[in-house]
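Next come two complexes built around subunit A: one with subunit B, the other with subunit C.
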Partner chain A sequence: MTDAAALPRTMVITGATGWLGQNLVRAVAPERERVRCLVRTPEEAALLAVVGTSVDPVIGDVRDPDALDRLLDGAADATVVHTAAVIHPTTGTRELFDVNVGGTQLVVDRVRRRGAGRLIHVSSNSPFGANPGPDHRFTEDSPRHPYMGYGRSKAEAEDIVLAAHERGHLEAVVLRPPWFYGPYQPERQTRWLRAVRRNRFPMVGDGSNRRSMVFTGNLVHAVLRAEQVQAAAGRAYWIADGPPPTMLEVIDTVRAALDAEGFAPAGGPRPRFPRAVGDVAERVDGFLQARGRYSQVLHVLGELKDTIACDTTRAEIELGYQPATTLLDGMRASIRWCVDRGIAL
Partner chain B sequence: MTGLDTEVLVIGSGAGGATTARALAEAGRTVHVVEEGPWLEPGEAAPFSLAEMDRAYRHRGSSAAMGRPPIAYAEGRCVGGSTEINSGLWARLPRSLVDTWRTTLGLEDLTAEDLGKVEDRIESWVAVNPLPGAAPPSSAALVRGADALGWRHEEFPRAFAYDASGRGTKQSMSRTLLPEALRLGATVRADTYVSELLIDRGRAWGARLRTTHPDGVEDLQIRAEHVFVCGGAVQSPALLQRSGLRRRPIGRGLRMHPTLKVAAQFPTAVDHDEVPVHRITEFAPELAIGGSASRRGQVGLALADSGVDVHDLGAAWDRVFVYYAAIKSDRGGRVVAVPGLRAPVVTYPISDADLSRLARGLVLLGEALLAAGAEALYPSIEDAPVATSVADLGAWWDAIDRRRASLMSVHLTSSIGMSHDPARTGADAHGRVWGIDGLRVNDASLLPDAPGVNPQAGVMAIALRNVDHFLAQGR
Partner chain C sequence: MSRLLVTGGSGYFGSVLVDQALARGDEVRILDLNPPEPRPGAPVDVVVGDVRDADVVRRACEGIDVVHHNVAQVPLARDRDLFWTVNVVGTANVVVAARDAAVAKLVTTSSSAVYGIPEHNPVDESSPRRPLEAYGRAKLEAEALCAEAVAAGLDVTIIRPRTILGHGRLGIMVILFELVAEGAAVPVLDGGDNRYQLVHAEDLADACLRAGDRPGGLAYNIGASEFGTMRETLEALCRHAGTGARVRSVPAGPARLAMRSATAVGVAPFAPYHWLLYGESLWFDTTAARRDLGWVPAHSNADMVIESYEWWRAHRHDLDGPGRSHHQSPVRFGLLELLKRLR
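Here is the complex of A and B:
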């Protein structure tokens, strides 16, 4: 199943300062000759340069053809991991399409022209929407129901990548991680951990809906498997920790992790919103997005009521994907990362 | 008021109306065609000239759909309709699209095989040919740019006939199907505006007309057993609405191909007489890249849109050619006939995804033109940076916004639609207006979606298919 040949000595990573990107750069920097990283600013370049001598930051925008030329210069045969994307836009929904679709199109076109090696495209659960019921699991053959602007943009990006593969332009593997967690988390995840600790994170509905989650370390492992397994070319894979926990189990596990790391969570009754609140939030979110506006609070609230759960069987069989970290251990690692950084919980 | 009688009244003489008239005349029907615009003598005005805009276009070529941003569009208004003013580029309906239409709209008999037969017949009526000889420099630039980047490109044939010397004549309706319809006994009345359809107890029985003569106007009423409305995607729904047919799907779902332009300056002079026949199809159908009519006026307009001082380029204009990126857009627009106003109000929403797709198209177009050897690119965006190298293109993303982008379109379709479901479309699967006997629509407004290619061939094919169905019914 695994190619015996040595791994490409260069890895190119877009979105290198993102949540997954930071974890991936650190995982591969010691073993590769060069890790070419697309970053947006000199400050971000300096942040990554300290990881190791192999790290080679290129400053630019993923929408800029010239930046991508510089990123892929001399990177023939390199593995390209395309993680750059906008999930919560700050200036309006147009960003989702500019970066997620436009950036992907330019990356795909340049990977083909430069004769770079395999493209690993990091997609999302969002092109598939929510499961029809709590016992349903998405497989790779499930029909798509893109959720809002983000879902549409990630669906269009997947289409571009897979069409390029089908036309023989490049060799691509698509990974679909759901909600992730782990070190190098963005500020929004820290706020979430704080809310759970203070018992202020609301359950929307009865909490029996299930959510697939993936620890960044497990996702990095999946990226590396996707790079190595020859037969993965042209395939898409769901990547998650394992069987999806219920929302109640997610919250209880996070509370247990906080407790184990010395951050005793607040007690008392769990705050709850009726499911209808989620429905309203979803509708208002849709209304705003149709007008180019985006509210992160409404967007997340609208999704909390849903089951978003996937079946990772194909990745386990074909990629040899074996998630090593459990939700509890992964959350504890995230909490320790916050502590190490002096981030208050 | 004078009266007239006919068996079939065809309103409009463009791709849909001319096809309808010719096919019905051939079947021995008595056909009366009315056309709002004038009958232009062949060669009266040079293609894409200002004189032609004055005579052959509605509003002298400057109609606009309201929205943010507004979209300028052009419609023919003369005998032959928009086939008189278009580039003649010929593309059969993409089969994947036809399959989607058939399965999602209950158009059971719209099969690739039957459509192919209809298209063969039309192409026996209208000469369709590739350009003889080498492509002109403006078209060759697209090929060169695409090849340099490894992108697919395609040469489109055109509805053109060529003589032995290679001189081409566009096979517009006034040169082909309309003379043939006349020979087969049809009548064509130009300069005639249809103010409303005459409908009584669910049956259309004629129309109220006004013909403009050099010495005044003549109002008349025409009685017909069958009425075919073929005024195009803006005028057809407006006429139905003026006639009291204001049901929801009529005038909804208007489609066009929103377009952004770039004026490209080359090191040497380029041709300006023809529209390029090549197109970059690498990103089709969502995104098409090609060349526009680039006579002096169009070059000047494109440069003015970019905000560049046209006088600076005065001497260089013969080295400048206009190219475009056109998209399939997310949402449909509306056509609303407003009582008291002769021109309907047209609105068209551009989503964020559309705007992003246009920006992407412009950046990709810029890459192709630079790869083809262009020295400077002036996009149709106010104050956008002029690009002289790939390093300048990234700045175009943020330069394109709702305020500064100057959008235009041709190819208006889909404002009535056809399907098996009266809730979704204004006409049934063969163009019969739901709920009204004797009334059919048979033009671009029936196409269920923007085709992503030049629509003339598709409009004619659907029109002929519907006439075949009409005749097979023994009507």
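Here is the complex of A and C:
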């Protein structure tokens, strides 16, 4: 089923300076001849080049065909990992479609025209929305209910990739990770850890809703399995740490991780909102997004009440996916990463 | 004999490092925004350029045995964007160019600002690094890049100096010197009993060259071995000056507020690092540098302050002029008149 001997010597990564990208570059740089990385600025290129001699940054935007041609130049056999996407737009919801849909369309077009190895497309839970109840799990056969602009954009992107595969334009695998955590986290995740430490992170509802999560290291492992397993071509897979914890368990585990790394969490009552607050936030978020506007706070608040949980059985069986890092250990690794960079928690 | 690249080699500390290297027979290349003072006949070549330009740095590293990276955007600059691009991106460029040119060693000058205000003194190389402000965070990020380069096979040593002093590196000391010369009250915060360690530029340059000569050693903390409290250091200077100047304690809270306000309205050249640390203890355990590098500092805190004061007295009227770095520029201060009234 696997054919490790044929592992391509070059990997091409879009979104190389993103949360997953930074982890992926570091995982593969020591073993590949070349890791071609799409970055946006010369400054990002300089920082990423430090990782190793194999790292080969290309400066440009995923919406720019010339940049993608430079990215794919001389990479005819390379695996292409497309991680570039916008989750929380800063200029309105249009950005979600420009980058997530337009960028994916361009990557697919350029890979088709220039030729490359397998395309691994990093999707999301968001095309599927929320589970109907806390005990329900998404499988790869679940119906899609895209959640807001981001969900619609990621659903369209998946369709583009899988349609191109079916037409024989390229060979693709789609991975669907839910909520990430891990080193190289963005500022918003640091704010979240701080809020959890201070016991200020609100619980919407009773906290019994479940959330699948995935440690960046586990997701990197899934990307490498998706690259190697021949039979994965044309398939999509849910990728998460394991059985989904409840929201309460997530918060308690993060607090335990903070404590274990020397950041004693604050006690006292935790802010609680009734589910109805989440419902209102979701409606207002939807109202704004329909008008092209985006509020990160409302968007996150609207999602906190939901169960977003998936079943990773197919990835385990078909990809040989075995997540090695638990929520506690992964959170501890994230906290140590913050400490190493002087990021206060 | 080695071929050395000294980035920031036209600055005060860089010049001291270049002179020491030349004195022991090394050949030196300088990479700096500004050309250095001429050294007729000395084996020095110069690349005038910006450390933020990867191609310039790559050219500068060609044929080099040891790179000494001293370019930094110092706290006095107070520009967050420059902190990031010069200190972090500049260091990334140096690390990558040194690696690709297969130099034997990179010695990079970091800062004690990476430690913030330590919970315990003395601070050694393994003490927690918790920077408090943008400068310290940028220097820590640069250190993280170096650690990553070490993991990928480059030999890098990080040198973390305490506050550097020497005649060309007066910085905000000029404010204290003005007060001493005028016989005014010299303020310390909350009694001035904080132990505050300096390091002489000559001693620091010696540590850098020694680190460049040997493989390994990820980080060394460097500071004077003889140092006292802030009050003791400044009292030694007042006694030496004989101007009638006295050390006077002011409450830390209002003083920090005054420093921050004076900076905000542009009458004084402080940066957060100054008001955060002037009244705090920070001193290094230099055991590792002594043991591994055989380094022995020659200058005490009091020697340095007195030497710098005398140099400043002799040159104070020549100090106005363009093209000086922040540490060399005499600072302008409307605050001085306020401080003099403390008496």
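As a convention for this text, the second predicted complex is superposed on the first by the 344 of 345 C-alpha atoms of A that agree within 3 Å, B and C clash if a C-alpha of one lies under 4 Å from a C-alpha of the other, contacts with A are read in each partner's own complex, and residues count from 1 in each chain.
The rule is short, and it goes like this: a contact is a pair of C-beta atoms (placed from the backbone, for glycine too) under 8 Å apart; a residue touches a chain by one contact, two chains touch by 3 or more.
As the structure is a computational prediction, the values presented were derived from the model and not from experiment.
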Checklist line | Clash or fit, subunit B versus subunit C on superposed subunit A | finding: fit
Margin query: Taking the superposition on A as described, I'd like to know which of subunit B and subunit C A:T139 touches: first, second, both or neither.
Written below: neither
Next item on the list: Examine A:V101 and indicate which partner it touches, taking first as subunit B and second as subunit C; both and neither are also allowed.
Entry: first
Item checked: Inter-chain angle, subunit B to subunit C through the CA centre of subunit A, in degrees rounded to a multiple of 10 -> 120
Notebook entry, point to check: If you stack the two complexes on chain A, which partner ends up touching A:Q322: first (subunit B), second (subunit C), both, or neither?
Noted result: neither
Note to self: For A:Q296 in the superposed arrangement: first (subunit B), second (subunit C), both or neither?
What the structure shows: neither
Notebook entry, point to check: Which holds for A:V51: it touches subunit B only (first), subunit C only (second), both, or neither?
Noted result: second
Check: Quick one: subunit B or subunit C, who's touching more of subunit A?
Finding: B
Next item on the list: Figure out whether A:G149 sits in contact with subunit B (first) or subunit C (second), or with both, or with neither.
Entry: first
Next item on the list: Using the superposition on chain A described above, determine whether A:D69 touches subunit B (first), subunit C (second), both, or neither.
Entry: first
Notebook entry, point to check: Upon superposition of the two complexes, what minimum C-alpha distance (Å) separates subunit B from subunit C?
Noted result: 24
Check: Of the residues on subunit A, which ones does subunit B touch that subunit C also touches?
Finding: none
Notebook entry, point to check: Mind pulling up the subunit A residues that touch subunit B in the complex?
Noted result: 60-61, 63-67, 69, 92-94, 96-98, 101-102, 105-106, 109, 112-113, 149, 152-153, 290, 292
Checklist line | Complex interface listing, subunit C residues touching subunit A | finding: 54, 84-85, 88-89, 92-93, 95-96, 99-100, 114, 116, 128-131, 136-137, 140-141, 144-145, 148-149, 152
Next item on the list: Sort out for me which residues of subunit B touch subunit A in the complex.
Entry: 149-150, 283, 351-353, 355-357, 359-360, 363-364, 367, 389-391, 393-394, 397
Next item on the list: Name, in rising order, each residue of subunit A that touches subunit C in their complex.
Entry: 29-30, 42-43, 45-47, 49-53, 339-342, 344
